Structures are given as structure tokens and as C-alpha cells.
């Protein structure tokens, strides 16, 4: 478990985070979501001491991180950032093997492990000898995730890791994260400004206002069903009825039912068991199922 | 200091000489680098030839160039034309890459929208690209001016180095004061050139006034022939 | 053109390469002075430049130093050092010359080292730190390899500067190819002066050419591949490495 107790961080006169307290359960995905200025990245970076709090305590399993040497701490925690941050002069396989090598693992063993991790993150082994600049953005992020997993960390910190990849690839990567988390039971702390991503990935979602003020925390279901206030309602989009779905009277094929939101846009289909999937009434106004692009703009 | 007082006429005369001998290469170098830079920013082949050619010329040590030019130009070795031509070549070489970068730094969107408004390619260059490249051009010109002023003194070895005379003469007399005065006046002259350019820049590019206050010229790397 | 012909005739006459004042000895002396000065400057400038680039502290001091160095007339500074050397009883030894050359080589080396480190993508450094690299490991395994091309660029500038200044140093000290130029000018033996000019120019071009090749070789393969890929896909605007289009330009545009 990771615990923040009354943590504040000030940069000169600016308060980035003020009196922040939170418990992050082990072996779950906790998503910190908020717009820029909410201090979410600062909070994330306090866990591996990339940022030290001005006051307050951050504990991992009851141990104050300030008592652990920063370098050793960071090597035990996986970290994935938005720009993959890969070392441009090292091949993919060596990028993934970086931390094990730092920890003294022999090169052949570290490379072998790196190749295995490429399988884990769904990256073909033929990319092993390439340089980061020879990969697409999505592939680079996969390498970033593999590198973070290289030391078999108990904690994985992810700072808007998929913010810069296109929506289809992002969706794939999100599914990979969920799968990897299920398989490894790693504690993941994930930072994003995309509420859909938060709801998709988070066992626990923490919505942050400015200065790291917790506006609401809970499971996606709880937040969606009972937004704490107008800010959250607007943030998750329920105020405009985008989240309030009804079964359309317009017929789908067979027994399928079309879902529409309060604005009248068809957002998806409930497939009848055994029936064929189809988007009924595919008028030009039809939207994608996830509403993702709209939400990103709202957030 | 007494020496300076007694020889003030000489020192001021040499300073004026120095300014004249540097002024021509700086102005000609700047003027020549604009069409060359424009050419190079439009054609990859021209860019390669120009950068390589001037890169090679720039590599030749100044004293060697001063001495070889008379053979090529057919001038007398003591003719100050040799020095002016050599310094002009260096000035162009120093300006060129910066000029190419400056024209390249003007955003493509701005150029496209200018074309869309109906600018011809020539008028677009003079009314849009050239003024917008101005700040970078000026930063480069400042480097060129300061370098040229300090480089000229070497030419005193072949008899036309302006303030450099104080170095050769001071050495022959073993007189340190004279050399220090030569250095100080050279640096002062470089500062005057730099200040004049900054002021000219503020007058000609009022939209950029705030940015020019800094030390743009000082921040530009001395040489950067990475691709030459 | 007669002078060029007679100069080449002089250079290609093997007997002129021998002896204490022959081309061979002077060439070696020129190279020796250059190498020693550059080595001294490297020892002084590179660690300091890397430190400044890594910490970001002292940048403005370096910028001011390189700017001021540009305004100093090297010829005057050279003679000043030599005369001071004579006053201190050094005579016409090479020590003050080498001292001046080393000092002159420091600013471009410093600028190359610090701007090279500074040009490394900050995200790359940040992620290296987040992975648990120590500051030393970040400097030696990430920043230094990526800074090498610009560092060698600084070495090229410094070396050219030193070769050129070592040429005029022949005015105040024995040795070096500059002697042909100085003797030729003083004795009004123009052929001799052209001999010196040709040899010095050839040496400068050769050394610069070698360093240009070195500069290409030290570009990390991952970086050069990225750069080539960009060039082919987007044309002339993207001649710089993909990852840090702005960073490589930092020294030019940040002012």
C-alpha cells in the first residue's frame, strides 16, 4: 500500500499540492485524474522521489520513502512517461535491459529477460535490434512499459503514458495494461486527464481539483452514479446527459438494442445473445461507442 | 597612459583605419550572404556546394589567405584589397549557415498564407521572409562584426591591420603598454560595432524590441559546420 | 601564378623536408604545439562544460565568456603573453605561446561540451533519472554519448583556431609552419610565404577533414538513423534529429 499523509509541495511561492492525503491499495489500479495544474504528476513523482514533498510523508508499505535512497527506490519502481523517454542511442533490447544492467544483472541474462518482456507487452521480437527513432509512437510506448516491468516491480507509475498516441493504438495499449496488471498483480498508479481512460483502467479513481485537492474518489461506478458536485458531474460528462443512456425505440437488427444518450446520439448497441452485432441506423450523426474524442475536449 | 596621450593621434588614426577595413567586409559579407542564403534555402544542391565551399575557405588560416590572395587576385602583397577580400570571405562563411537557418526559421504557414494572399515569390521574400528572419540575421551579423574586428589585427603582419600595428610595433619595442592599448581599443571598437548593430536592429525591427535586449550575438555558437 | 608554381616546386623538393628548419620539422612542431595546447584545453574545458550542461548552472557565464573571447584580438593577446613571458624570464620559449593557444581553445570546447549536454532531450534525462540512474551514470551513459557530436564540433572550432593562431605565433617564436610565412614576408621572399600559406592551409583542411569524419562517427547510431528517417520523409525543414528539434537549436535561438 502507498500512503500520502498530509503532503504539500511548494515551488517557490506556488503551491502545487496542498495537504494531500490518500491511500492507494496494493495490487489495484488507482488513477489520478485532473486537468493541468491539479498536481497529479507531482503527486505521482513523489512516490519514487523524483519530487520530494515540502511537508508531509509518503509511505510505501509503512516505510517513509524519504528514508530510502532515491536511486535504489527508483530502480525498484517502474515508471512510464508520456514521451517514452527511451535512450535514443541504445537499441530496444538494451533500453528494456537498462535497469537490470544497472542492478548488476549480466548482459545475456538481462537481454533474455528483455526479449521475454517484449512478448509480454506485445512487441514482436524482430524489433529488438532497432533504435527507438525507428519505432512508431505506440511501439515506443510498449518499449517504455516493457522497460518499466524489467525489474519485476511491485509498483508501476504511469504518467499519461498514452497521451500522445492515436486513439486506436491507445485503446490497444490500455487493454494491454489491464491484461498485464491482471497477470502480474502490480500496484499501478496512473495519471491522466482523460476521464474515459480513468474509468476504463481504474479500480479506484481519484478526481483532483487544483492544488491536489481531492474532489471525489471511488470506483468508476460510484463516481458515475453519484457525482459529488457539479464539477465532477461536468468532468465526467453526466451533466449533459452523455452518460445517461436509454434503450432506443429505434430497432436494431434482430433482438439487438441501440443505446442513445440524452442528446439523442446513438452511442452503442447491446448485442442480443447470439445475435449479430451491428450499429443500427448508422446515420452521419452516429458516434463512436466510447465518446472518447468528445470527452477529451471536455476534460 | 602617458604613451597613449602622446600618441593619441596615431591610435585614433589606426582605429579609424581599423573601422574602415572592417566595415567593408561586414557590410559586403552581409549583403552577399542574403542572396546566397536565399539560394541555399531553396536548393539542396546549392546549399551543399555553398556550405562546403565557404567551409573550406573558412578553414584556411587568415595569414595564409592574406598571402595567397595576391597570387589569385593579381594584387600587390601590401595592397589592402587582399585583407578586405579575405575578411569578406570569412564574413560570408560565418554568415551563411546562420542566414540559411534564419530563412528556414520563418514558419511555413506564414509563407503559405502570404502566397495565398497573392504575394509573388520575390515580394514575399522581401516583405515577409526577410523581415521575419531579421532577428536571427542580426544575431549572426553581430557575431560576424565582432569576429571581423578582432581578426583584422593579424593583417598587420602584411602591413594593413589597423590597430594591429600596435601589436607588431609594440613587440619590436618590447613595450607592453602599447599592446594592451591595442587590445583595449580593438575590443572597444568591437563593442561600438555591436552596439550600432543592436540599435539599428531596434529601429528597423520595432516588433522585436524586447527580444533584442539580450545577448543574442554572444549566444550564437562560434562555428557550427556540422553538415559542411 | 609563378609564385604558386615555384612554391609547389619548393614543397615537392624532398631536400626541403629535411633538417631542423625543414618542412618536416616545422610540420611536426606545428602539430605538436597544436596537440599540446588542445590537450591542455580539453582537460580544463570538457569536465567543466559537462558539469555546466548537466547542472544548468553557470550557463550565462559561459555565454559571456565565449562572447568576450570572440572580441579579443588573438594576435594581440599572443604578443602580450609572450612579452609578459619575457619579463618573467621565460625568454622566447614556447611556454607562453602554448598557454595562449590553450586559453584560446577553451571557449569553443566549453561551449561545445555544455551545449552538447544541454541539447540532450530533457525527457530522456528525466526518464533516465526516474529509472534510477545516478547523476554520474546519467552524465556518462546518457548525456556524454549524446553530446559527443556537438562536443567534437567544439573541438573542430578550437583546433582550427589553434592551428591558425600557431601560424601567427611564428612571428614571436621559433617553429611551426608559420615560419615560412613570417620569413617570406620579412625577407620579401614571396615564394617562401606562399609555401607557408599552402602548407598551413593544407594542414588546417586535413585536420578539419579528419575531425569532420570523427564528428560523423561519434553520432550515436540510433540518433543518426532517426535523423535520416526524418529527412527523407519531411524534406528540408527537418534536418535535425527527430527527438529534439528544438534542443539542437538552443544555443542559436534562445537568446
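The chains carry the letters A, B and C, assigned in the order they are written, with residues numbered from 1 in each.
The criterion applied here is as follows: contacts are C-beta pairs under 8 Å (C-beta built on N, C-alpha and C of every residue); 3 or more make two chains touch, one makes a residue touch a chain.
All values reported here derive from a predicted model rather than from experimental measurement.
The central chain of the assembly on a C-alpha centroid basis is C. Taking each chain's centre as the mean of its CA atoms, B is the chain most distant from chain A.
Chain B and chain C have Cα centroids lying 20 Å from one another. Centre to centre, using the average C-alpha position, chain A and chain B are separated by 54 Å. Between chain A and chain C, the centres computed from C-alpha atoms are 49 Å apart. Of all residues in chain A, none touches two or more other chains. Those residues of chain A that touch chain C in the shared complex are 45, 48, 50, 71-76, 79, 81, 83-91, 98-99, 102, 131-134, 147.
On the chain C side of its complex with chain A, the touching residues are 121, 123-124, 126-134, 137, 141-142, 145-146, 220-223, 225-227, 229, 241-243. Of all residues in chain B, those touching chain C in their complex are 41, 44, 56, 59-65, 67-68, 71, 77, 98, 101, 104-105, 108, 136, 139, 143, 146-147, 149-154, 156-158, 161, 163-164, 166-168, 170-171, 174, 176, 179-180, 182-183, 186-187, 190-191, 214-228. The touching residues of chain C, counted against chain B in their complex, run 1, 3-4, 63-64, 66-68, 70-77, 79-80, 82-84, 86-87, 107-108, 111-112, 115, 149, 153, 156-157, 160, 163-164, 167-168, 171-172, 178, 181-182, 184-185, 190, 193-194, 196-198, 200-201, 204-205, 208, 212, 215, 236-237, 239, 249, 251-255.
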